[in-house]
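Each of the two complexes below includes subunit A, the first together with subunit B, the second together with subunit C.
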Partner chain A sequence: MSLLEIKNVSKIYGPLKALDNVSLKVENGEWVAIMGPSGSGKSTMMNIIGCMDKASTGEVLLDGVDIAKESDKKLTAIRRDKIGLIFQQFHLVNYLTAVENVMVSQYYHSMPDEKEALEALERVGLKDRAKHLPSQLSGGEQQRVCIARALINHPEIVLADEPTGNLDEDNENIVLDIFKQLHREGTTLIVVTHDPEVAEEAQRTVVLEHGRLVKEIINENFTD
Partner chain B sequence: MFFRMLKGALFRQKSKMIMIAITIALGASLATAMLNIMLDVGDKMNQELKTYGANITVVPKESSVIDDLYEIEDGSTTKAFLKEEELGKIKTIFWAFNIVDFAPFSDTTAALSDGTAVKVVGSWFNHHLALPTGEELDAGVTSLRSWWEIKDGEWIDEQNSEGNSAMVGSVLAEKLGLSAGDTVTLSTDNGKETLKVVGIFDAGGDEDEQIFTTHDVAQKLSGTEGLLNSIEVSALTTPDNELAVKAAKEGPGSLTPKEYETWYCTAYVSSICYQIQEVITDSVAAPVRQVADSEGTILEKTQLLMILITILSLIGSALGISNLVTASVMERSNEIGLLKAIGARDYRITGIVLTEIIITAVFGGAAGYFMGYGFAQIIGQTVFSSSIEMKPMVIPIVAVLIVLVTLIGSIPAIRMMLRLRPAEVLHGR
Partner chain C sequence: MKRQKMFLKMITASILRRRSRMLVALLAIAVGATILSGLVTIYYDVPRQMGEQFRNYGANMIFTPASGERLTDDTVSEALSQIDSANVVGCAPYRYEAVTILERPYMAAGVDMAEVEKTSPYWSINGEWPSQSGEILVGTSVASTFALSVGDDMTLTYDLGAPEGATVDEAKNGISENVNEKSFSVVGILDTGGNEEDYVYISLEDMEALTTEKGGYDVAELSVSANSDELSAYVDSINEDGAVSARLVKRVTQSENTVLSKLQALVFLVTAIVLVLTMICVATTMMAVVAERRKEVGLRKALGASNKSIIFEFMGEGLLLGGVGGLLGSVLGFLFAQMVSANVFNSSITFHFALVPLTILVSVLVTGLSCILPVRSAIDIDPALVLKGE
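Up next, the complex of A and B:
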């Protein structure tokens, strides 16, 4: 059974079809990139997979459970227990330090553990910046805090929306290296991007246009 | 983690929280000031209204009956008297401390040296009383008729006067060509007295055609030593309620024992009158209805005004808090969306935001209480020329009101927060 299976999913906003009959399977431990121009439905797809929005029609099976039919309360629990979210804008809590931002995720999941949170920051190379506020961190550092926060609860699937969109080349490489490391460790990664260089790092790339899945590319050169 | 988040939100967003605290403090200060004034205004208004004269008159029972029968307003036409020796008993009744002033009155008609008949009234002016209770009091016309305008000279000073003194009404003084420092001779069948005019007063009524002198002089002229015609009493009273009206209309005998106890132990004008009658033999004590009713009406209206100001200030605060908290939630929509996205349930986010606001409200409310204390004293000194007593019961009332106002003011923000969907704020959908 696939970790994630999307069957004939459409999302309609009034007259607009943001997703139009999309189907996709993601296996456990796979690294998939979702590409497409602006307005192609990438973020909508990420919201649906990330349990932050519901499909208008179709099925979204996560671990065999159709999340399209679940209540908001249940979707919150799925987000908390199974999904790690990484955003282009980082979305860190501005009045909490780096380590506290990681601990927030633990707090809503189970129990905050500062030692474990510091280890997560160490993993992304930010242990020495643990007590800094987001405003005292660079964009790349903020994104790494965001990654540490996404990973702290050992999610089954990591969803990253344009994770390198706001980063310079050096920081982009650092983030991609972290993703490679995660993939090696068996984490399932779905990365939404419009950057072909980022997409090329994935095992498989699906291309969306006008809400439709128009192409699927297997990265023949993929190496861990 | 909850406390870390709380601490972070409170200390690293100081400016926002200070704005909310200031809004709450302003509401709390007005509520504190108004509630304290409202609770203290009864005494203050009573004291203020005491400057408008006595609110109880005591006359002999016999003259009261005759006055009622023949509708005579001037009790002097009858030959019934009260005993001067019983005067001090007025300060021994249950509500003795509410008796702020009183004075005996004796009057007679005397002839001037040219044969003109004038009404002579004897009373206390600033009569010093040292009561058995240890209380000392200067009582008399000087304070009971504080509205008199002294056109010439001064008030009679009983404590330092050297001889017989008189104050002459302005109309009579003009008619007789008298001014302060002159002397006037008064004769009756009981003798002759020469009085020094120490002051000319304008009372704006019948008293302007009378001569006021000390009580003993008037008694000598009327030949009624040890007796007096009436007593005027100024007492601090509680506005009448249904019980007081029932007691006044149907008499204390119509009350049940419990009602009687309540009535007797409350400073209603009727219960004070009743207690005066108990200590002054063969007397009838009656409220000066115009004054007593006005006091009650003014007091009720003033208290209503205070309540309205308190309510309006709290509504203002609630609106201010609502705007600020809503603006704060809008500003923090990304953070709230993120917390929802990483698995926070609505009640946990609501809990932390409300706790932040309540803690801010506690600090704002405490600051507001002390500001309100200051406002109350400023208002007290400006309006009543005395300080406002701070009532401890205001503290829990203000605390409950502030919590309620803060919670009510936060409702729109909480509703907005509950409706907020993470996808909308995190991905701009």
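Up next, the complex of A and C:
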């Protein structure tokens, strides 16, 4: 059974079909990139997979559970337990320090554990920035805090919507290195990106256009 | 434990982050709590204060003999023992005897001057209160009849032959040879506007000397500082025993009650209005805070925060503010009540510790109520919408 299976999913906003009959399978441990022009429905698809939005029609099976049919309360629980989210705009709580931001995720999941949170920051190379507020961190550092936060509860699947969109080359490489390591550890990754270089790092790239899945490219050069 | 610590950390950091806004809300709560605790303090203290004020209008309780016998020191003190001694402002026994002044009949009262001064503070005396034997206080109408003024001497004549309990008429008609005379020096002229002006007042000892017998009291006037329920309870328990019949001076106790109940209604109304205003202010502030934090709430939800967690966090902030505001308010409220009391009643009030938890509780409750709407709008926030690009 695939970890994620999207079957004939559409998302309709009035006259607009943000997603139009999309089907996609993602296997456990796979690294998939989603590309496409602006407005093609990439974020819409991520929100649906991330249990933050519901499909208008179709099935979204995560671990065999159809999340399109679950209650909001159940979706919150699934999001908390199975999904790690990384956003383009970082979205840190601005009055909490880096380590506290990571602990917020633990707080909602189970128990805040400062030691574990510090280890997660160490993993993304930010141990010495743990007590800094987001405003005292660079964009790249903020994004790494977000990654640490997304990973802290050991999600089954990490969803990253343009994680490198606001980063320079160096920081982009740092983030990609972290992704590579996550992949080696067996984490399932779905990364939305505009950047072909970022997409090239994935095992497979799917391309959306006007809400439709138009192309699927397997990366022949992919190496673990 | 760790969870609570994180929770506290989050809500305090969030409050400190929005210092100025939260200060406004805190101020609103503190003002509301101040008015609440201040007015409640006054509410409880005013009856006492007012009681003291009203005690200036004279006795509010009267003892008379239950049977034909006169009151004695024993029966009076036994009746007095039914009343909390701290509440007794004064107890003035009166012994009335028929006397003649220049062969005209009058009533003389033997009294304890110091107690009368307490039970009848409104007596206006031209001159001084008698302070030693041989001194007499004369009602204005008596004084004008005989053209007496302070410093003059006068003589009271008592008919020893007259049977006990002689009436004015008997005294007038049955002038016997068996009389006792005593000379007094006028030290004060009494002006009350009432029938006290038709009497003369001498000390109880002088009355004994004049009548050559110990005698008892016809009546005792009391000034008791207590509310009307307590007064009624005192009267009832005294009347049960029998020797003394007690009753209330209705005119005084009733006007005291009317003023009090009006004042208490006013206190209640003002407190309610102030609390509603506090609620509006806190609700507005929290509304703005939620609007400001839409993104953060969306993020928390995206991270898996349940509605319950979101409610807890906002309510936690609100209730923390409510608690601190309530604490501040109970202290400020005492100072406020103290100020009012000093200015209006010229006296200080006692600090009621029980009011501190009460004020905090009400503040927390009021803040909680004000937070309901803002918190509802917070849980309605959709994580997907909020997290979409700027």
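Heads up, the rule we're going with is that the second predicted complex is superposed on the first by the 224 of 224 C-alpha atoms of A that agree within 3 Å, B and C clash if a C-alpha of one lies under 4 Å from a C-alpha of the other, contacts with A are read in each partner's own complex, and residues count from 1 in each chain.
Quick note on the criterion: contacts are C-beta pairs under 8 Å (C-beta built on N, C-alpha and C of every residue); 3 or more make two chains touch, one makes a residue touch a chain.
What you see is a predicted model, and the numbers here were worked out from it, not measured in a lab.
Once subunit A is used to superpose the two complexes, subunit B occupies space that clashes with subunit C. Once the two complexes are overlaid on the shared chain, A:79 sits against subunit B and subunit C alike.
Legend: residue contacts after superposition of the two complexes on their common chain; A:125 is shown touching neither subunit B nor subunit C.
By the touch criterion defined above, A:107 lies against subunit B and subunit C together after alignment on the C-alpha atoms of chain A. Superposed model on chain A: among 63-71, 153-161, 189-197 or 207-215, the stretch of subunit C in collision with subunit B is 189-197, the rest showing no clash. Within subunit A, the residues touching subunit B in one complex and subunit C in the other are 43, 47, 50, 52-53, 73, 76-77, 79-81, 85, 87, 89, 91, 93-96, 100, 103-105, 107-109, 112, 149. Within the complex formed with subunit B, the residues of subunit A that make contact are 43-44, 46-47, 50, 52-53, 73, 76-77, 79-81, 85, 87, 89, 91, 93-96, 100, 103-109, 112, 133, 149, 161. Contact residues of subunit C toward subunit A in the complex are 2-3, 5-7, 9-10, 13-14, 16-17, 295-296, 299-307, 309, 382-384, 387-390.
For subunit B in complex with subunit A, the touching residues are 1-2, 4-5, 8-9, 11-13, 334-335, 337-345, 348, 421-423, 426-427, 429. Taken in their complex, subunit A has these residues touching subunit C: 43, 47, 50, 52-53, 73, 76-77, 79-81, 85, 87-89, 91, 93-96, 100, 103-105, 107-109, 111-113, 149.
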